[in-house]
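Shared between the two complexes below is chain A, which pairs with chain B and chain C, respectively.
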Partner chain A sequence: MMIETHQRSNYTEAKLLIKEANLDVAEQFKSEIQHLVDRGHTHIIVNFENVAYVDSSFLGALVSVLKYCMSKKGDIAVAGLNKDISNLFNLIRMNKVFKVFNSLPDAFA
Partner chain B sequence: MLLHKNTLIVSEDIRKEFLFNNQTASMGSLLNEMTAFLKIHLPSEAYDDKISSCKQIIIELLTNAVKHSEAENTTVSVAIGNNRIEISKSDTGRKFYLAHYSGIPPLNLPFRKEYVGGRIKIYEDDISHLYSIIHNENRIVFELLEYPIEDVNVETNLLEHYGLLILTKLSNEFFYTFDPVTGSNIFTTVVHLS
Partner chain C sequence: MSSSQKKILLVDDDRLTLQLFCRALSDQGFHCFPASSAQEALIILKSELPDIILSDYHMPIFDGFMFRRRILNDKRLKNIPFVFLTSFTNTELMQRGLEMEAVDYIDKETPVNVVVSKLNNILHTIRKQHEKSIYEIRVAAEALNLRSVPAQPPQVSEYYINFLYQSFENYPGGDFIDFIEIEDKYTFVILGDVMGKKWGAWFFSFNFLSYIRSAVRLCVFDGDFSTASILQKINKVILMDPVLGDVLSTLSLLMLEHTTGKVHYSGAGDLPIIWYKAKDQSCEQLSSDGLLLGVRQDGGYDERIIKLESGDQLIMVSDGMIDFEEEGSKKTDYELFFEKMRNKLGQHTSFTQIKNETFSTEKSKELIDDCSLIFIEKN
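Our next item is the complex of A and B:
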């Protein structure tokens, strides 16, 4: 498992246990999140606090699971982005595609 | 090296080559090594954002090498000077290709002269279109068009391939060159320092 899940108020935290979010782990991430959604966890915040960098393959996987989750009437947000990842999200406008939280919120509407 | 009004002045180009074995397990350590090299030569905090951009450029070039080059090794070079950072990757593997493209102009390098100036759509979704422009017989430059993002919902068409888009967006210049003499494929990114 590359994610650790915690049930929060009205959402599931999916905490990434990896440092390098790259093409080596993108498919596994997709599979684990899809499994989570299939078990009814449709509102998920992916916690990146352990992650040093993200590559385009992982970003593609993140967008893929967002689309999957939205098809189940859910949503995926991200939290705990470091400065470099946050810069990347802003630059390629992923901050308009995903809700971005600095830290885990009390609730995810 | 002098820093004057956000302009980097170097007496001569600073340049270093790094060898990548095209294994993802090596990406993290090589990224750290290359970032350290940039920080040594661009120590001012004024360059933090530029170094952040360069880190992501390096990540995407290495990812591209693993996914697409079909080569055993890749050389990644960093050059700093003339108020810019140039990062390029070179290999002798597969030429630039698009998996599902079969249109006109054909993506066969070297290009025929009649296709110079032509444009090839690489991919598109509801928020951006990425093109390659045929600059000359052996070079294409990448161009990104972005559209406003309204509400993102289940109907929104979003692509899942971001490598070339990220490289285009992070660079002031981004192009691919095929060297027919050596058979080398060279992706070059240029980041202006001011």
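Our next item is the complex of A and C:
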């Protein structure tokens, strides 16, 4: 498992346990999140606080699971982005695709 | 740790053996991750992906075979070369290990320097086989005339256009470049990056390019010269394509008007374009508004029109250009890239300087993704 899940108020936190979110882990991330969605966890916040670097393969996987989750009437947000990753999100407009939280919110709907 | 340093995971419940091998392998340039049990090794493997694993057979509770089985059941880990280390020269055990797709086994009594050579040989053989496979695919792709980057830049009398492309460790990647000239009046400049790496991304880049080429031609036939409208159409088609529905791509699309110097620019999740203005000797970042291709029906594509004067320069890049590796850790930093370019722009030799600085053989070794750069100067 590369994510650790915690049930929060009205959403599931999926905390990434990796330092580098890249091609090597993108497929596994996709299947773990899809599995969560299939089990009814349709509102997920992916927590990046352990992650130092994200590559485009991983971002592709992130958007792909968002699309899957939205097809099940759910949503995925992100939290805990470091400065570089946050800048990248803004630069390529991922901040318009995902809700971005500085830290885990009390509720997410 | 540099990116070329090989990572090895060592698993042994005998701490002395672990220390001995770790020291010898570190002396030989390996980066070692020692684990005194299979459970500890699995924790390390959550965040690290070693180049090779060397594991003892006999460990209490969770032995080497159970550990190997866990690795084989994990898609992310199963292709890491696995070598058993043992103090038992039991043929049956050896056979069992080799049947579990272990690359080799090494007797603990083997002198450490011989073990190091053996591991180096295994990694060398694997690398050679890998290079051979890549070479064969490359030959096949060339025979089919599949190119995601043109052989030459276009020749347009009003502009100097050139580009740089560097594959990552000799893999083609998701970057694609194209130039479409329309009746000597307009040149469309295309730079995209299919999200992903290596062959997967490379394969899809052709599908994206085909749609983009068709959309540009069809829109022009209909008298629609709006880059935003072209992007919107490409996005719609991609969203409808069942194969590409799950694949995403950035795109920067420019239309250069030859006679007026006007440049129309629309982008999809792309990085800002750098505009050097000769008149003020200053650099500006031009950002677009649109989302990545394939994300949503309404991509929100806007169109900027800028007027280039003689001596003005533009630089478009893919995200590989803004990835940097410092002291073993990777980071993405557009501002750092912008500062580097700012010093190079506004000169007659700007393109050559950028080429020498960013695409030198030495720099290429530091790349962590494929990289593309398109340079345009108004004559």
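One rule holds in what follows: the second predicted complex is superposed on the first by the 109 of 109 C-alpha atoms of A that agree within 3 Å, B and C clash if a C-alpha of one lies under 4 Å from a C-alpha of the other, contacts with A are read in each partner's own complex, and residues count from 1 in each chain.
Methods note: a residue touches a chain if its C-beta (ideal position, glycine included) is under 8 Å from a C-beta of that chain, and two chains touch if they have at least 3 such contacts.
In this text the structure is predicted, and so the values were computed from the model without any measurement.
Clashing of chain B with chain C is the outcome of superposition onto chain A. With both structures placed on the common chain, the touch criterion links A:20 to chain B and to chain C.
Applying the stated contact rule after C-alpha superposition, one finds that A:52 touches each of chain B and chain C. After overlaying the two complexes on the shared chain, residue contacts for A:2 are found with chain C alone; chain B is out of touch.
Residue contacts after overlaying the shared chain place A:107 against neither chain B nor chain C. In the superposed pair of complexes, A:91 makes contact with chain B and with chain C alike. Touch criterion met: A:28 reaches chain C, while chain B stays clear of it. Contact with chain B, but none with chain C, is seen for A:71 once the two complexes are overlaid on the shared chain. Of 147-155, 255-263 or 345-353, the chain C stretch that intrudes into chain B once chain A is superposed is 147-155 (criterion: clashing C-alpha atoms).
Within chain A, the residues touching chain B in one complex and chain C in the other are 19-20, 23-24, 52-57, 59-60, 63-64, 67, 84, 87-88, 91-93, 96-97. Listing the residues of chain A that touch chain C in their complex gives 1-2, 17-20, 23-28, 52-57, 59-60, 63-64, 67, 84-85, 87-88, 91-94, 96-97. Those residues of chain C lying in contact with chain A across their complex are 46-47, 49, 75-76, 174, 193, 195-198, 201, 245-248, 250, 269-272, 287, 289-292, 295-296, 300, 319, 323, 329-335, 368-369. Of all residues in chain B, only 24-25, 27-28, 31, 49, 52-53, 55-56, 59-60, 63, 66-67, 127, 146, 149, 152-154, 158-163, 165-166, 169-170 touch chain A in the complex they form.
If you check the complex, the residues on chain A that touch chain B are 19-20, 22-24, 52-57, 59-61, 63-64, 66-67, 70-71, 83-84, 87-88, 91-93, 96-97.
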